[in-house]
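Single-structure report; data block below.
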Amino acid sequence: MSASKTRPIRWGMVGGGRGSQIGYIHRSAALRDSTFELTAGAFDIDPERGRAFGVELGLDEARSYPDYVAMFAAEAERPDGIEAVSIATPNNTHFAICTAALEHGLHVICEKPLCFTVSEAEELKALSQARGKIVGVTYGYAGHQMIEQARAMVKNGDLGEIRIVNLQFAHGFHSAPVEEQNPSTRWRVDPRFAGPSYVLGDVGTHPLYISEVILPHLKIKRLMCTRQSFVKSRAPLEDNAVTLMEYDNGAIATVWSSAVNAGSMHGQKVRIVGEKASIEWWDERPNQLSYEIQGEPVRVLERGMDYLYPEARIDDRIGGGHPEGLFEAWANLYRRFDLAISGNSRLAPAGVRNLVFPDIDAGLEGVRWVENCVRSADAGGIWVDYK
Amino acid sequence: MSASKTRPIRWGMVGGGRGSQIGYIHRSAALRDSTFELTAGAFDIDPERGRAFGVELGLDEARSYPDYVAMFAAEAERPDGIEAVSIATPNNTHFAICTAALEHGLHVICEKPLCFTVSEAEELKALSQARGKIVGVTYGYAGHQMIEQARAMVKNGDLGEIRIVNLQFAHGFHSAPVEEQNPSTRWRVDPRFAGPSYVLGDVGTHPLYISEVILPHLKIKRLMCTRQSFVKSRAPLEDNAVTLMEYDNGAIATVWSSAVNAGSMHGQKVRIVGEKASIEWWDERPNQLSYEIQGEPVRVLERGMDYLYPEARIDDRIGGGHPEGLFEAWANLYRRFDLAISGNSRLAPAGVRNLVFPDIDAGLEGVRWVENCVRSADAGGIWVDYK
Amino acid sequence: MSASKTRPIRWGMVGGGRGSQIGYIHRSAALRDSTFELTAGAFDIDPERGRAFGVELGLDEARSYPDYVAMFAAEAERPDGIEAVSIATPNNTHFAICTAALEHGLHVICEKPLCFTVSEAEELKALSQARGKIVGVTYGYAGHQMIEQARAMVKNGDLGEIRIVNLQFAHGFHSAPVEEQNPSTRWRVDPRFAGPSYVLGDVGTHPLYISEVILPHLKIKRLMCTRQSFVKSRAPLEDNAVTLMEYDNGAIATVWSSAVNAGSMHGQKVRIVGEKASIEWWDERPNQLSYEIQGEPVRVLERGMDYLYPEARIDDRIGGGHPEGLFEAWANLYRRFDLAISGNSRLAPAGVRNLVFPDIDAGLEGVRWVENCVRSADAGGIWVDYK
Amino acid sequence: MSASKTRPIRWGMVGGGRGSQIGYIHRSAALRDSTFELTAGAFDIDPERGRAFGVELGLDEARSYPDYVAMFAAEAERPDGIEAVSIATPNNTHFAICTAALEHGLHVICEKPLCFTVSEAEELKALSQARGKIVGVTYGYAGHQMIEQARAMVKNGDLGEIRIVNLQFAHGFHSAPVEEQNPSTRWRVDPRFAGPSYVLGDVGTHPLYISEVILPHLKIKRLMCTRQSFVKSRAPLEDNAVTLMEYDNGAIATVWSSAVNAGSMHGQKVRIVGEKASIEWWDERPNQLSYEIQGEPVRVLERGMDYLYPEARIDDRIGGGHPEGLFEAWANLYRRFDLAISGNSRLAPAGVRNLVFPDIDAGLEGVRWVENCVRSADAGGIWVDYK
């Protein structure tokens, strides 16, 4: 990690106010490498609470706004107005806020799902292209170095032709109807706020994006999905889903998305099986990658070691053995957002050439995947051509 | 393990001759507790080699037969003829040999799959009932004590209502077309000898049976299956398959059957998710059972400990901490075959009442499951009602 | 993590310049929660390189000093001068720089070992008391929440009387004489720069301090130590050492300090055995704590969960399941340094009352332990009364 | 595992009667491969109970003796008398029974410790040489294939020069004074029956012997030991001990022997650190061996795989992935006892040449080690020259 940077990007937030865990993560990640500077915010649906929170964070009171409309308007008038904004609000607001941000000339970093429909996502993509602004989506774990290692291994043929992809993000925290007591969970199971799915969008899209990073050459041909509401009051939204996918090269994938996998802490796991070898990664022990060549002993690759591909070393903050965790993965993402925004390199050229980050296409693909899953599930779990 | 038994059952084998790994396991299990005595055999398709092998095992030369037809006929004439026979031959011969054995008044222990079709299996069931003989099927790992613990936990409500069942038996030993060099593998991928499936029947039915032991109250309502021949020369037989199932109580299951999961040693895992807790078991570390109550720390249950249910202690041969493995699990099965055959108890009454072993119904259900999977897969992976 | 703080502490650094891993960690930790603000620095033995590095970090050029003498003098003259300084230089300079810092009225955060002898450490302690300044020592992993959990468990009697303490920090990165190629390692094995020990001070004091945090009631009565230089050119400094200790309550401890534990990544592990239960922690998987009650299944406690003691929840930045790592542990330490310096509370009162951090006594005890170990080892590994 | 053997060795037992776990293990191991045949026994201190137990096991009633004196006398008179005897009685009787057995011309397999003093052990060794009989000692886990792999790796230089040896056998089952309720434990903590040590002899000698197998070229030069009676009523016998050892090549070792490591199931672990790589083995997961080359990913070697050394494949009963456990390790030992007794080969020549088994020297070395440990501990934990 080099010290560096001429000037941080002026950055604002919508949502993520007091008590928001995700808001803290965004700030922690954006500020970690001094590539962004928190300049403005509209942190809360309650204007006064949001304003106070911004001041507490050290914002100029005038730039702690009652809502995003006011913020975008006022900041656009300033010569030192914000250049980028992160959106950490309930799902149903993402489309409108993203649109407004792009229209005000801002780069956008948005929580997933980006929006509710593919057509909305395509609209955002067109708008971002028209305005020349990036849209980043926070699939946070995708920023971990071992994902870069996995991508490089596949690219270099270490696994051979890919055959099977097993994806899961299956925690147990909502095994009981916790939303009855916990308002911050309640909106997630209400289609008005959450959109057409709960766990498919909320957790399943995470490993899906990781698979896209590792396996850029695979395209989904068709899929089928079955979803359940084990806590019945959550219907029509699902708290569990299984998706089967076929890729155009003949490989297959399974995706298990769940919030009712009792006793599981987090359960985001990715296993890629090739004709020669498999790799497996688990976000709860993110510094290790299991590399399993058929007929050889399983190898446990460790972050930070010389035997990794160079792509997996670019973001190291400390040597191997010391655990880097979620916050570093997120900070790595924000560094890539910065690189994409700044359009110039503070990394070695190799780093720039290989820049991979969850962009508007990643957001769009997540929405598309959920849409296809729901279409299949609501038709009784039939195979649907991917579109 | 008490010392005991008035007289061992006189027992013969068909197949399992020189170089057969599975033959060794059968003998090791049957002889372990002196409940069976090897009295006769027809060990090999090559009569002379089979005869020599039997003599080497200590058989009277006259009772080391050239084939099963001769053995069944001759033994039936003897006052001290065999009472039970184990069948360890290629799949395509199981039905004929089982039928002949039952017709000669023998109890039968057969490798899975019992036969190729449900109608054959029903025929065998009717025959076994008519003759009052048992048919046992060697789902070996089902004999491990921790499976009994899992069954007792579900029965006692420790998991609450069952929601999700994840089953897999996915090894990697056939990632490459090893059958080209290895005749003992070749018949497994030839439908004439293997029947309608490769991995579904060969490996998938193992965790399926374990799930039936643990979850006797769940009935499959419908399923869908997709199967692949990643080594193309294996078509139409699959070397990988994914099955989705719905139970009548609304629970769902996935089953991953594979021989191309590169780098995986064995990969038989069972995870049962209930509304309150989950349990997970892995045959490569069979002495541990993970018990995961939502909101509590994961507990690792160990074989042989006082905190287990009594059902999980009956078969202990040694105290906790010392690993029991595959051979003990198989020997436990053979002890249950003996109990079922002898119809009297050398275990405590509680043991007898709870006697669970892979019987003719287990064999039949395995065949039924494969038949349904193949029906679904061959129709393009559609949902089929379970029948 | 609440947003908060009226004003960050004005903070400087000595050492930790370009290419310094530890310098990056200090800055990352100090700046993470906006409790410190980097205001001045003397980053490098090479004045020009140090100055440039400070500017790159965003310092006012005038406050990027050629050396610590100049920095302390100049900053003391300023009304907005630094209030605290972190020292990340080779061991042999710690005593002089700490002394100078305290004499200039600065709070000090110093890399371990604080100095080379107990008498030096006592001198620093007297000086820090006379000046009313804190001295913090960066035993970074001690800031992890699961260490707080362990401390609370012992305090609450969950383990019963303590019997056995197994400590180790045994990596393998210096199995070969890497210092021949790597100047940044070379000073560590040279007594002029490293002091009287290599691995005892460099790695062994880490788990020692963690044991002091968890077991504040245990006092070392006597110890014996044997040390080796497996890479012979390192003599008289050791690259491996084993220490045995007896506590005044009759408990015993072992400490394995090593840089030649080939293949081990980091290897910092702490196991505490009580009459009722044991706990075990490993810094490479820091979010888990194994809790092993005799006669019950092992439980794996996870950071961030409601079943933990409140002391273990204070520093959470994100919910359970998401891995926090080294950087969060360090940032937690810096937050405690801030609390100790500021002398007022930005945490809940419970947090303040329980404030535990590696202070001057921790630094002194580390030096004392090394001194006793070396005294024992150099006398042939005899028992020495702890003094 | 080949079928084979002309005639089993006629074999008797002293001790190991009803309710004896270790008696069951001996029989299970001896009978597993039909290399021994149970022909006579004196199973119990209570003659009638012993006699009944023998009959139950299928012995001729005349050969189920009231005591070993009667058995040895009567069997020596028979042309078909026993040729070997296993001794599974309390420690204090081993010397007398071994002596009597050898004097009656029997091969002996004895539970450890072989006797209480080195001079007794040397007497037994002289006697066994004079009579041309083998004495085997049942360090059961030493029969596991992965120990052979470890031995071959060291021999082939895969680890380089050996530096550090960490041994432990530290369970927690006697954390509380369980002997107050449990007579079968009581004699173990009574010096009249147990001899000069409890855990040093009972558990510590197990990994010690494994280290001798893996590292035949290392000789102990001196050691120091400290032992504790955490359950005070066990004094003067220890329930915990730590031993430090120096080898003549400059390597060092630690041995942790314990019965009060609360919550640990079994805890027999061996780690060997060389200049290039380390290996680690744990008896609770005996099919895996961790192989850790400095600077490379950790490899997990699995029993039964082609990449192992041939010495590690000789005893395989089943392919890799399937767990073999304690019973197979013991059966492997008994096969080697048979080979040593029979003096001819039923294994491939390579197997015979490499025959390694716990013989009279292994028994003697265990006694010597305990004697040295006790000598050190009772002198206050001083270093003693090994003799």
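Letters A, B, C and D mark the chains as written, and numbering starts fresh at 1 in each.
As a convention for this text, contacts are C-beta pairs under 8 Å (C-beta built on N, C-alpha and C of every residue); 3 or more make two chains touch, one makes a residue touch a chain.
Just so it is clear, the structure is predicted and the values come from calculations on it, not from any experiment.
*Asks:* Counting C-beta pairs in contact, which chain pair has more, B-C or C-D?
*Replies:* More C-beta contacts join the chains of C-D.
*Asks:* Taking each chain's centre as the mean of its C-alpha atoms, which one ends up farthest from the centre of chain B?
*Replies:* C
*Asks:* Centroid from C-alpha atoms only, then distance chain A to chain C, rounded to Å. What do you get?
*Replies:* 35
*Asks:* Centroid from C-alpha atoms only, then distance chain B to chain C, rounded to Å. What do you get?
*Replies:* 55
*Asks:* What whole-Å value do you get for the distance between chain C and chain D if each is reduced to the mean of its CA atoms?
*Replies:* 44
*Asks:* Among the residues of chain B, which ones contact at least 2 other chains?
*Replies:* Residues 291, 296, 298, 302 of chain B touch two or more partner chains.
*Asks:* Please give the residue numbers of chain B that touch chain D in the complex, ascending.
*Replies:* 1, 3-4, 18, 21, 24-25, 28, 32, 34, 53, 56-58, 171, 265-267, 283-287, 302, 317-328
*Asks:* Provide the residue numbers of chain C that touch chain D in the complex, in ascending order.
*Replies:* Residues in contact with chain D: 159, 163-164, 166, 172-173, 175-176, 224, 226, 228, 230, 240, 242, 244, 246, 250, 252, 254, 256, 258, 260-264, 273-278, 291-294, 296, 298, 380-383.
*Asks:* For the complex, which residues does chain A have touching chain D?
*Replies:* Its residues touching chain D are 291, 295-302, 305-307.
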